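Structures given as structure tokens follow.
Each of the next two complexes has chain A plus one other chain: chain B in the first, chain C in the second.
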Partner chain A sequence: MSVNDFVLPGDVVQTVKSVRGVTVVGPGLRQNEEKPNTLCVTQAGKLCFKEPNTYWIEGKRNRYIPKKGDLVVGIVVKKVGDTLKIDIGSAEFASLSMLAFEGATKKQKPDVQVGDIIYAKLLNAHREMEPELVCIDSYYKAGKLGVLSNDGYLINISLNLAQRLLSIENPLLRTLGKKIPYEIVLGVNRKMWLFAKKAKDIITLVRCFEAAENQIDKNIIEVCKQFK
Partner chain B sequence: MEKLNFSCKLGVLSRPDGSAMFCEGDLKISSFLGETIVIAGLYGPVEVKMQKVLIDKASVECSYRPKSGLPGVEDRLYESLIRNICETSLMAALYPRSAVLITLQEMHNNGQLISCAINAACLACLDSGIDMKFMFGSVTCFLTKQEELCLKPPINEKDIKAFFVFVFDNTKGRILASHTKGSFSKEQYEEALHLSREESKNVFIFFKKSMHTND
Partner chain C sequence: MSSVRKTIVSNCEKKFLIKNLSEWTRLDGRAFDEFRKIDIEFGKDWGCCSVSLGKTRVLAQVSCEIQEPKSSRPSEGILNINIELNTIAAPHFESGRQSELSVQLNRLLEKCLKDSKAVDLESLCIKMKEKVWALRVDVNVLNHEGNILDCASVAALAALAHFRRPDVTCDGEEFIIHGYQQRDPIPTVIHHYPLCVTYSIFSGGHYEHREKYHLKIDFSDYIVADPTLLEEGVADAFLSIGLNAYKELCGLHLGGKAELTPDVILNTANKAAMRAGIVAQLIKDSVEEDSVKRQEKLELGFHKTIDNEKVVESIEELSLCLDQWTSKRKKNKKKKKQTKIFEENTIKMEAPRTESNLVAEIESIGKGSAALVPNDNRDNSEVWQASESEDDDDVMIVEQPKQVVDLLDIADSGSEEEAVIVLNSEKKSKKKKKKVKTEY
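What follows is the complex of A and B.
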């Protein structure tokens, strides 16, 4: 198995590059227990490699698995005392403390209702524990994080598209912005919050994202021109 | 020995994380009659019920629906067989305190239903991108009244003396499960095992081809 091959679970990557005995292993791979210097594939997809020592599998995973530091969009599903339970699309609801908002104190809590949409950062995501969210950075400032307006729309996109749109080189969001003024919040957890003044614009945007899902980055703009 | 024909369609269902329709058999005999079709869907890792939570790994659940009516005792047996296979092959330890749900729906049965359901489950797992230690593929072998072994089901159901279902992994060709029905000798079992093992390689080639074209 070499780089850029299509691999399946059970395949073994024999030649692994490492720097001072260290290889960085990404999703879809794990260390082979029988031969420690080789890697086992656990997901179907393309084997990718980045200099000097990083390996990962680019497959189509559909379920979001929380990672520390991820920026996610979630829906408030429950209020339990001072904490909120947020659905971020993972196996378990994430918890968000009412005090983890900018300027919040014990007496002055933010106004958050069940059903609100929240843009937050994962403070803590370990598979043995429930994920924990915060709406402030390490300087206690909210930045862009917090409750999103109820006038927007929430849509689900594929995990792959979310990651592609978040890349700085991706031209889609900028190109759409020239035609239609809109606001967007993209979470890595497949959820996307959209706001535009007209309902027609929202529909056009949603259709553009649906079309972009099956297109490679270069062709995206061409395809989206059809949706004017 | 004649080769089996496979066909499949991935991502047939919109709600599950991974889904596959797997078809085994001969399309040429007559449309829809000479083949076995199963649809499989996989949700996972998702939230688990309180009484089924395992603290060190994901709990794998399987539900099998027959073509019509409610699942009976025999269907429960298939369910537990498929559940055990999936539990060994999925890396359940990566998702503790969660559940992986596999749903299978029989569409058409021409004899090799169990192996078809197992193969559909494997394709659904691959489609969902859940972490697996290895793939699994299954083959059914039939023993006719004339003491002949064949991989294609005899046209008349009464000709079947016994049948064997074997499940193999794709790394070393180890047996993951074996299910038999009917009477047969030890030699016949071993011959059927050998035959199925050879055929299972074709199953894995088919899996690779269909996953690659879908990618």
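What follows is the complex of A and C.
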């Protein structure tokens, strides 16, 4: 199996580059238990490699698996005492404590309703525990995290597109921004919150992202250049 | 998974959808009575059919076996319909367990196909009281993007129409089942083609929405054809009508709460009948097409239908999205007043479908919907047109044609019409006008 090949779960990557015995392994790969010097594929997709020693799989998988530190957009499903259950598209609902908001105390809790959209960070993601979210950073500041306004709109995009839009090289968001003033919150869990002043603009944006879904990056960049 | 999952529609989606509906737009740019594109494909086996309705996908497979008939109906074959909602379709479906939704869908499908006696069960009898064919339709939902029922009913019916069972002969005592190679298999007899057509009902102002979102809406109800997943989630009720091509009602189901007057239901049923006719014809055509392919021994199966067409399409779409936006701005500034007049004209034009002396012609896009295309239009690429009809917020399409649309009037205003087209071509806007919904 070489780089840029299409691989299937169970395939073994034989030649693995490493720097001082270290190889960075991204999603879809894990160390082969039988031969520790090789990698075992756990997900179907394209094998990608970045110098000097990073490997990962890019696939069309559409189920989000929580990972520690991910920034996600979720919907409040229910309130249980002081915790909120949030649907972030994973197998299990994530939990978010009411106290994990900026300035929240036992007496002063944030105003969150069922059905609200929340932008949060994954504090904890273990496969045997429910994922845990927070809306503050390590300095107890909210930053951009928190409850999102109900005037926007939420769409689902593919996992792949979410990653691609977040990459610095991708000009789509910037090009759109020149044409339409809009706000966007992009979670890596396939959910995206959009806000523009006019409903029409939001629809245009949604339409754009749908069109970009099946596109390779090169085409997107080319199209964006035309409309600069 | 510890608890039973329930999907929840976020408040902002609800609010946005309702706001858009109150401006007479749907999020995907369809008209209210417009359906998504339907596609029917057949697999290699007899009775294997995959139907996609927009992004919703359903696979149906018919199988048969010989059974003893029911004692109450000794000379009739048996038809079973089984709909399966897997985790493939949507993450919140649990496989292996009968959910409320799957029971409901199953029952509605049965009502439509089985209870309407669409399939000739008597022809499935081999020997009275002893042996009959039992047909089983397995419907698997592959992707859930709203309106499973319509999609499943098309798939089940198409699969039944496509299915052929092996021939059976009897020499006094023994029954011989002939393989497909030995004797030509026998098609199933289908008397009529009943189909489900689903509408979502948003009882806009009545219930909680108005108080909750402080929207000033006064109207009766929004009735939306072929709802998407989000529309299904937000809607107050859904109306599912089973109809065949002869406008015979085969099933009617109204779920949820909605205050509907009888004429609304009648009106909707009439629209649904048109749709059912179109789809029934489509099923017949595709079965026919498939049998021609089989005779010519062409390659069959799903594998060749996967192609790159979609990818190419969306490059254009993306650039059009960006392009459309800029050109729209300019146009709006310059010709705001004129566009208003266009709107009025186009509404009138759409009313008589048969008018052919216009410079534009009506072309059917998808099934059950039509588009108005200028004749000189070379580019048929689909342009997003949602903004077309809604860029002037004050153009409430519905209210204008209150002054009864007059056929003669349109013929008279033919010159105006032509002017419209000329202006359009000047602007080089490759516009494709979708049918504007007309409500009476």
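By definition in this document, the second predicted complex is superposed on the first by the 219 of 228 C-alpha atoms of A that agree within 3 Å, B and C clash if a C-alpha of one lies under 4 Å from a C-alpha of the other, contacts with A are read in each partner's own complex, and residues count from 1 in each chain.
As a convention for this text, contacts are C-beta pairs under 8 Å (C-beta built on N, C-alpha and C of every residue); 3 or more make two chains touch, one makes a residue touch a chain.
Worth saying up front: this structure is predicted, and the values here are computed from it rather than measured.
Once the two complexes are overlaid through chain A, chain B and chain C clash, as defined at the top of the document.
In the superposition on chain A, contact of A:16 is made with neither chain B nor chain C.
Legend: residue contacts after superposition of the two complexes on their common chain; A:8 is shown touching chain B, with no touch to chain C.
Touch criterion met: A:193 reaches chain C, while chain B stays clear of it. When the two structures are aligned on the shared chain, A:114 is found in touch with chain C, with no touch to chain B.
Legend: residue contacts after superposition of the two complexes on their common chain; A:154 is shown touching chain C, with no touch to chain B. Of the two partner chains placed around the shared chain by superposition, neither chain B nor chain C is touched by A:99. When the two structures are aligned on the shared chain, A:46 is found in touch with chain B, with no touch to chain C. Look at A:63: by the touch rule set out above, it reaches both chain B and chain C.
Of the two partner chains placed around the shared chain by superposition, chain B and chain C are both touched by A:91.
Set side by side, chain B and chain C differ in how many residues of chain A they touch, and the one touching more is C.
Applying the stated touch rule to the two superposed structures, the overlap between the chain B and chain C interfaces on chain A comprises residues 63, 91-92. Residue ranges on chain A touching chain B, taken from their complex, read 6, 8-10, 12, 28, 30, 40, 42-46, 59-63, 65, 91-93, 127-128. Within the complex formed with chain A, the residues of chain B that make contact are 17-18, 44-48, 89, 91, 94-99, 126-135, 169-171, 207-208, 211-212, 215. The part of chain C that touches chain A in the complex is made up of residues 1-2, 6-16, 19-20, 23, 25, 27, 29, 91, 310-311, 314-315, 317-319, 321-326, 384, 386-387, 390-391.
Those residues of chain A whose C-beta lies close enough to touch chain C in the complex are 63, 75, 77, 87, 89, 91-92, 113-117, 148-154, 175-176, 179-180, 193, 199-200, 202-204, 206-208, 211-215, 219-220, 223-224, 226-227.
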